[in-house]
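Labels run A, B, C and D following the written order; every chain starts at residue 1.
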């Protein structure tokens, strides 16, 4: 019986990630056949440049796939099985401000952690809800596979504001780290590992890693990580310097709890000062990306569109993103794949807020994710996670209630922010910088000396 | 690489189930190779009659397996990978009293439900702990696969009194009912179904059943069960009348909650009067088994031992018990099989006592079971389960504290017992009947008029 | 400074309790000055006969109090500080059916316990919500002091359907039993006792009783109750036979848990058979009341109205109801009185459903009740209470969702109902009997053989 | 009937607080009669200088009180009704190091908050347990009234390591702040206020303050505090500059949550930088106290002992400490006084760790404290409190398990410590400084770059 083929819309078509993901989808048509692929964005000019290249890729590799790029929600979201969402409200320009404003006050300036993540979240909530509503309006049976950042705040927002929506929140960081673990262990693929992991998004720990036979791989990994972090002795693939620092820093982050292996983003919470020291407040990661990947991708796309051929294209298949296909297939074919998803806790972590959105192993089938219980977590992780989940929940409360006070409280609570005064100064700058993107907040009744 | 082969001891070697299970093990040597098989029992005379036949089976079908039957704990439990426990403290004679005493007062008289289950539990706790202690003394790395009844009370006792023991509590009733569901659905095996189920042992509900592609099979099953119970239109295999009544009664039990499919044992709690009406206080199920299966198995074993051949044997392979092999393989080879096990709740059912032993789907690997979260259960099931788990916990508290009062409270709480007076009368009879098996209870300070 | 005086409306003016309560209010004007007293009922003819007498009482004892009896909600609920609610939807006639229908099937027939309480609850919810809405419409700052039965179901309904309403649910049974305890102990008033108590309404236990100096009075009380129940050696006041049986039966109920002293209503759950045995299905307590108190009160009221004098009145001050004044004063004057109220659990009982309405000691002030924590309750009480609270919650869910199925589940769960079939038969009779009072339930999809 | 009089031992007799407290006790003999007063300390030389003066006070004011100062536990703790504990293990010298070491790294250096509190806690646990064990050995019916700091860590330690001990943990900070609130409101005493408050010790918030009639005093207080902090317009009593800064800083701390009024210690967590800025790493509060109060008290005591008269004594009655008498009287006479105590949460705060030691209003009687439920707390306070309670619990776990790793985790988690590296550096210095007082910790397996 010929496998059913699917209709996909990529929300955030103008993203620099779109070409690599389209190539990845075209590379997995065997397992995941596609009949229709659409790009949707609210920035027509930007999306058309990306779409030009994707059109060439598809005509060359799978001409029978119906392809369209549109800014019309009805066209984009009608007759769709899956929405693959990687939107970035405010694009890199706003990300630069997210990073630079905190650094002005000596505070971590990062895309999803600390004040930057809060600012980015306050922009993203409206965007993700909008797309979710389009999906439910035009394709009520569709699923949204959301890997838009900051996933933690977006996931809490969809839990609170769209509790019954068919949205799966997933993050690629654990995938990337597990790829490195596999290299460190000499395995051919991370899929040879069975892992137990828990935390919030960008804020978690591996507690058990076995091979297929059930042998415990943690001792070997811990031994390696305690010396080299997540840098394999022989790098399969060269990475940018800043990523290399991150994987090396895992060494110190792991020292804080030798019983586990940490998600690398914890560096921003446990060693914020080190992060600030190596940041340039006037030229942050966002600037690197704009000058690096964004420039590269758009120049390549223009060239492919111009030459109506991908022959000279240097754009690589983003196979690292194949977890999106795994997730889509799990829903489509009830595969029961074991994947880390961001889901409502509801008892999975026994001694943690049942309404928190936690990142835990799930068995994914056509009915969605079945979280696997974690049990009780140690006090160190509970203390860190309760603090951080309160930041995320207060941010969503602030967005929903247009509350300056609650957003200030979110910043005060963040482990990356040293005190309430700096929190207030950063917030006032962020309000100003985001006035075109955030809901208008009520005026805080309180001043501090 | 030649698969590792295992050493097994069957605790309760003298059980009538042993021959069928040994035949089943011999039928599954391909997937689960065995190097040594021992029977252990504290009733030498009874075990030797069973062992005689098993010896013949093994010599005929797998002569290289080292076989022994012993009443010496050290011999039995040394160099063992798995203990397969199906003990019955007090044998069928006491089960007959468990059933007859309550019936004397018009109350359900059943092996594991109501006062009978409480009495049986009070006998079994000591027996299971004893075996567990032998295992940990002589083979500290071994696992106990316990399907001794009453599994709910035994599981609560091991949780409370041996919290760190490597014991897996499992029950074959859901396996049996799922076999029938598969027949009703026209599937070749229950393993083609992916199920979601929750409850206490002998006290649970299926909430979702899909085929491999994720299609919802519940509507079809509910339609069938609401008319015929768990009786397929064409019975694959004739069953005893009393089992047939049970599978038919599922029809009425299911009516109490049309959203789910019930475990058949719920009939004793929702329709106790019907159960009592069709029981004969002087000739209960235990008597049927003694006159039926027990007599049959022992005569067959004597014959096989006499003829030193299984040629004329009518003892069938108990393939229904192959779930035991599935469980052993999951531990041995880290298969990650999805099975219903009785595990500590600890958040799996979000709105239920975290310390309750609940029967839920688990992913089973070499580290043991990983329960899959159930989420929040409806008020009807919560009310029934909280009442019943209190019966089970009070029984274990009564055993541990030798408390007549707590055992009376357990009986008062049972849905099968109409009032505190009858609970008291039954308890006093059971105390008398079990004085050789139960711990000696303190004298209750209270009388009732 | 002259104490503020209050405006009261008694909802359920036509109740036989109204005259005694009015006399009690007039007897407590010193502590609780009243400027305006209104009676409200939806049965004008019945209320006018009661109002006639009350008019005489007020003119004789406190002529400056403005008095009115009305069936007009706006008039009744405008300019009101307190609504004192003792409504009985369906009056005694329906209560008779509540009691007789279950008895037909050998099941407890009682006003607030078992099927009778469920039926009464299904009538009362709408009535209490209606009054609450009138109060909030016409006197938004007022408080409703609700002692309408069945208080447990009414309290759960107001929690779920009017979560922010200023309603205090209180019951007089503990007050009555504590009065008797005081007599047993030789104290002049129950107010010399400091008690710790927990449970659901009509379903609780005293765990600690001290005198003012902190001496433990439990041993002496337990000693007495274990022999005589709640019957003091010398009765201060003769009670009706049925009440006497109830207070005597406490002896057996207490035996089920010698560590506590029980609420007498537990007799219907622990000794339902004894209750049924002494009931006459054709002449229940409701009939006794109609023939007894109801006839007496209305004849007395007619006489007082006729004679325009209370001189020959035999209607007594209902000082037992002075707890209503205590509660009103606590709100009015922020007295911080310690009283048993029915409040949302929310942690008061640590190991019990946080959304359950539980009866626990509270400190009552102008902001309402502050529940005192109970801590963790034993397994016996938890099992009983979880079962019973599920009955109450399912009844309110059934009312809100018009669900025949959920009401059947409520009856199945009740400890007083022996099995699902009898539950179904009783339900079908009750549906028929209450078609003028209950919401119209959907048709249950299920039949049982 | 002549009131019973009591035997008291003050543990930490050599404390500078002892004279003021003894004078306070002598000033309250009417409400709390004392027959025997003993001082106990393990520093004889220091205690004798204090005892000399106390001996004079007692002979002058209540000669019939039996007085003794001893370093012998049996003598001190025999025939005792109450142990009043204000011990300081390591005295002010170690407190100076607690404050100076963190300041070396730009981190808050304070007696009970941040690294200083953790270091002080690691010294105090052993000391308080020792005294508790003496009390239970020699006067098993006695109660310990503990106001030794750091009360939060000491309370968690006694909860975990002595769960059944009769110890009441109380703190005087809320008392001091409520005194100031009363002045701000123009009330004669804080006892005219009924408060609702929750938090951890030195980490809480007032949520409701009423006068006796139930009028809401919060608006007026919030208005004042948002401008002047806790500084009344006319100071009843001049305070030291550092205390004045603290009460003024409440203004900024309150801005973080305008719905509540904060405990002043929150300044160290919300404005750590401001605290560090005004600290002199070489001359901290401990030095001020040694040079100030300690020198003053010991010189005064020497003079009183020399002159065998208190005539020229400038030592004031520490009436601020009369809360200790209130607490003792509540136990002794079952007064049911409403006081803030540090008790096991166990549901009092519904959405917070049930095993946390929380500071909440309690009704105190002869059976000990009955916590009043708080209900659910907002996300901001929950985030802050979960982080801080994890610091406290990890400190006690580190003490009990002699774990360097867990103590490092406690420091990492503290909101006052900027990152894991500084946490590590501070810890290594504190280990060195406290080697005579802390248990010897295992060596951490981990290093950081």
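Just so we're on the same page, contacts are C-beta pairs under 8 Å (C-beta built on N, C-alpha and C of every residue); 3 or more make two chains touch, one makes a residue touch a chain.
It should be emphasised that the depicted structure is a prediction, and the values quoted were computed from it without experimental measurement.
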Set of chains whose contacts include both chain D and chain A: none
Identity of the chain that, by mean CA position, is farthest from chain D: B
Gap in Å, rounded to a whole number, between the CA centres of chain D and chain B: 56
Gap in Å, rounded to a whole number, between the CA centres of chain C and chain B: 46
Set of chain C residues in contact with two or more other chains: none
Overall pattern in which the protein chains touch one another (line/ring/star/complete/other): ring
Which pairs of chains touch, using the document's own definition: A-B, A-D, B-C, C-D
Chain A-touching residues of chain B, taken from the complex the two chains share: 194, 196, 208, 210, 212-214, 333-334, 336, 338, 346-350, 354, 361, 363, 365-367, 370-376
Chain C contact footprint on chain B (complex, rising order): 226, 251-258, 270-274, 351, 353, 379-380, 382-384, 386-387, 389-391, 393-394, 397, 405-406, 408-409, 412-413, 415, 418-422, 445-449
